[in-house]
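Please read through the structure below; I'll follow up with questions.
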């Protein structure tokens, strides 16, 4: 079995958010990590490898620095790494990103593609399903459990109040939730081995069956009109009222904020 | 793509078990605002099996027109037949705006459909409005009017971006649940109902549902809770936490506490918020009888909304609270619970 | 001369740090409070190869260099001094001498499971009357047919009752040196469970309280002849050479404790307010932090230099002694200042710096006191 796992290097927005004195994000000071949902996807692939035997290829698109997440993936046990990097691919939205990744994956053999549900920087959850559309294969999003049955996968697909047990014929794309598993750690020796291996680097010219009009900033249908950092809040209002007034005050505020 | 051909604001009217999801009504509410600005009407796209009877409800919440795609293949949600249905509707009716709920269904359906119809999709929007792109006129670039401007948080809520989709149609967005307002239903309202079936031929992309398992609610980890009602030493006794539990129950929230409460043996350690406890980030954090020592604040200051109730007007908790109420929690909290109970009952 | 770490080392550090934060830190207070050996953590570390970092792959290890190993002990000790010393004693004092002096059979039988973490190692040199003065040994080993018979006791043994494999030193005879009779010491590998090998009292310690420190007692304990480690009579050299490596481990532990205390203090002074402002805004705090950070970095450079020396040099006693002397004294100084800057909270067990200060003290004492390190360093200067 051949498994392709898509991973993204992201700023650590959960633990390592750093602010400038004016309350804006200090991006330069933030550490980068392997996106948690992607890491769960990789772990799922590695478990399938442990259980059924598989070759796991990790693909990432990003700046040359994104090589680090491929090394990390290989130190965890992935077999191969592919870095898709090119100036013309920069500034891509999810449409252009998924077009690019699909163009790279067309060069690879795969039975299964696993992506994270969403990245913690963009939180869109779009790239996985869009890749599956470009490759014309089924998608099962929000996987909380993955099993192989012959030439099919059986996946527990999570919804808000239920899950579906879904069976799909391979090749198939699955998007993984970080709740899917507890990803393994790298090993010290695995790290040094990972740096001894070759990483495949592909540019625009290596992408298969993609149109320039669908790549990078130019090929992105969505355009950013405005972006700003949310300024960290300080003290809000403080009131001294009698109990009934206090209650109405809180209820009103909760209404304004759509809590109720 | 002739952008002029695309008209109307469309909403994917999500239903589960043939019951329309609340998000569909919320989207209709917003769609009505947008349609008014664009001088157009609102269409709901209802996809399922045996769902035609639900069209009137959509009309009551603001749909001028309902397109019903009804087919046995659409009984339970599966990506492919639903994507085929919605993409076919888009290709046939050419909406200028297509709104989808940012639910576990919508966040799967939206991207698949947007890729199929080759347009952009903005995820998890919290604000939608009609405006110009670019926002301010730029020399040498045509400023487009009547664009859908989609605002969304990113970077774990640390940044806000406003996004447009100026050169592709439809302009698609998934919208976060609970953010948009539904309208007061107009009893007896009727919509123009149109049935459409693009034909469903199962292929490799039609997955098979082997089982559907509905989940039972479990106890919530305070780190996952959307609403936390947190008590401190000011609550006075372990028994008195009952009034906090009542408040939490009304809001579907969870009770947590400060270190002092754990040290006093009133509550277990896994409910402790703070530097030596857990770091939480709920939508709403009630700090009740909590003074707000920095060790506590470090664990909760990232909460979206902080409501503090404390009798000491100088308590440091008021430095981080959005809404601070100086007063006796024993008098305020039970009344607050009753008031919220009444409000929630009235909204139903 | 390049002071930047390789990407491999940076990633290894990130791994150790992540592990320490997620798996070790949450237990640090409890381990200290209850004095219970963190068995589960050791098992997790075994699975990840942390118990055989500098051991070659063919012997079940990770095949990394001593610097990677030092960084592991450093990162673990940043959050828990106990966990740091468990790895240090196992790796430096048990795996390393078997790697260096063991026969192929001994390596296969003992080093492989040790490096894989299936077994835990310990080292027994110190006796009640022989601490700094290793020549004061009383434990004896006598060859009886195909077996060595051990009698005596060892004290203050790290990983005491928890280990499976012990490197033990004992007197095997006397030799005449410069007209004086000297004890001839040899090294042995002893397995737990060998009849005649029992444990005495568990020590109650000031710091590193979760590490299991025991007295080892040998009463007519018979071990196979082939468990002699290295040449007969070379035990003193084996012990001293092993301790050179051990000192790099302890220096890393001390360094980690100092760094952990500094990190905690930086976070604290930003939040703690007195007289209406964060105490980090006061110049006294700032100057204290500047001194702490400078010394911590100096200690780190010495420790890393010693670790690199172990990788490239046959003899690295002086480098190891300097690293341990300085890192241990910096650990004591920085953790003490950290407690002071925390004020009253620093004296309370809920705050990690209180434990770190207690943990730091031992680094000035074990595997050669600071005074011994000064003897080693000055001895080389005046040779």
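Every chain is named by a letter (A, B and C) in the order it is written, and numbering of its residues begins at 1.
By definition in this document, a residue touches a chain if its C-beta (ideal position, glycine included) is under 8 Å from a C-beta of that chain, and two chains touch if they have at least 3 such contacts.
Everything numeric here is computed off the predicted structure, so don't read it as measured data.
A.B. asks: Would you mind telling me which chain pair, A-C or B-C, is linked by more contacting C-beta pairs?
C.D. replies: Between the two chain pairs, A-C has more contacting C-beta pairs.
A.B. asks: Would you identify the chain whose C-alpha centroid lies closest to the centroid of all protein C-alpha atoms displayed?
C.D. replies: Answer for the innermost chain: A.
A.B. asks: Quick check: how many Å separate the C-alpha centres of chain A and chain B?
C.D. replies: 21
A.B. asks: Measuring from the mean C-alpha position of chain A to the mean C-alpha position of chain C, what distance in angstrom results?
C.D. replies: So the centre of chain A lies 41 Å away from the centre of chain C.
A.B. asks: Between chain B and chain C, what's the gap in Å when you average each chain's C-alpha atoms?
C.D. replies: Using C-alpha averages as centres, the distance is 54 Å.
A.B. asks: I need the residues of chain B touching at least two other chains; which ones are they?
C.D. replies: In chain B, no residue touches two or more other chains.
A.B. asks: Counting only residues that touch at least two other chains, what does the list for chain C look like?
C.D. replies: Not one residue in chain C touches at least two other chains.
A.B. asks: Quick check on the complex: what are the chain B residues that touch chain A?
C.D. replies: 16, 76-80, 83, 103-105, 107-108, 110-112, 114-116, 118-124, 133-135, 149, 153-168, 178-179, 181, 204-215, 227, 251, 283-284, 305-307, 309, 313, 318-328, 331-332, 335-336, 339-340, 343-344, 347
A.B. asks: Help me check something: in the complex, which residues belonging to chain C touch chain B?
C.D. replies: Listed in rising order, the residues of chain C that touch chain B are 271-273, 350.
A.B. asks: Would you pull the chain A residues touching chain B in the complex into a rising list?
C.D. replies: Result: residues 11, 13-14, 17, 25, 93-95, 98, 120-130, 132-134, 136-142, 154, 158-169, 220-230, 233-244, 246-251, 253-255, 257-260 of chain A touch chain B.
A.B. asks: Along chain C, where are the residues that touch chain A in the complex?
C.D. replies: Touching chain A from chain C are residues 7-8, 11-12, 15, 18-19, 48-50, 53, 57, 61-64, 68, 72.
A.B. asks: Which part of chain A faces chain C closely enough to touch in the complex?
C.D. replies: Result: residues 68, 71-72, 75, 185-189, 191-192, 195 of chain A touch chain C.
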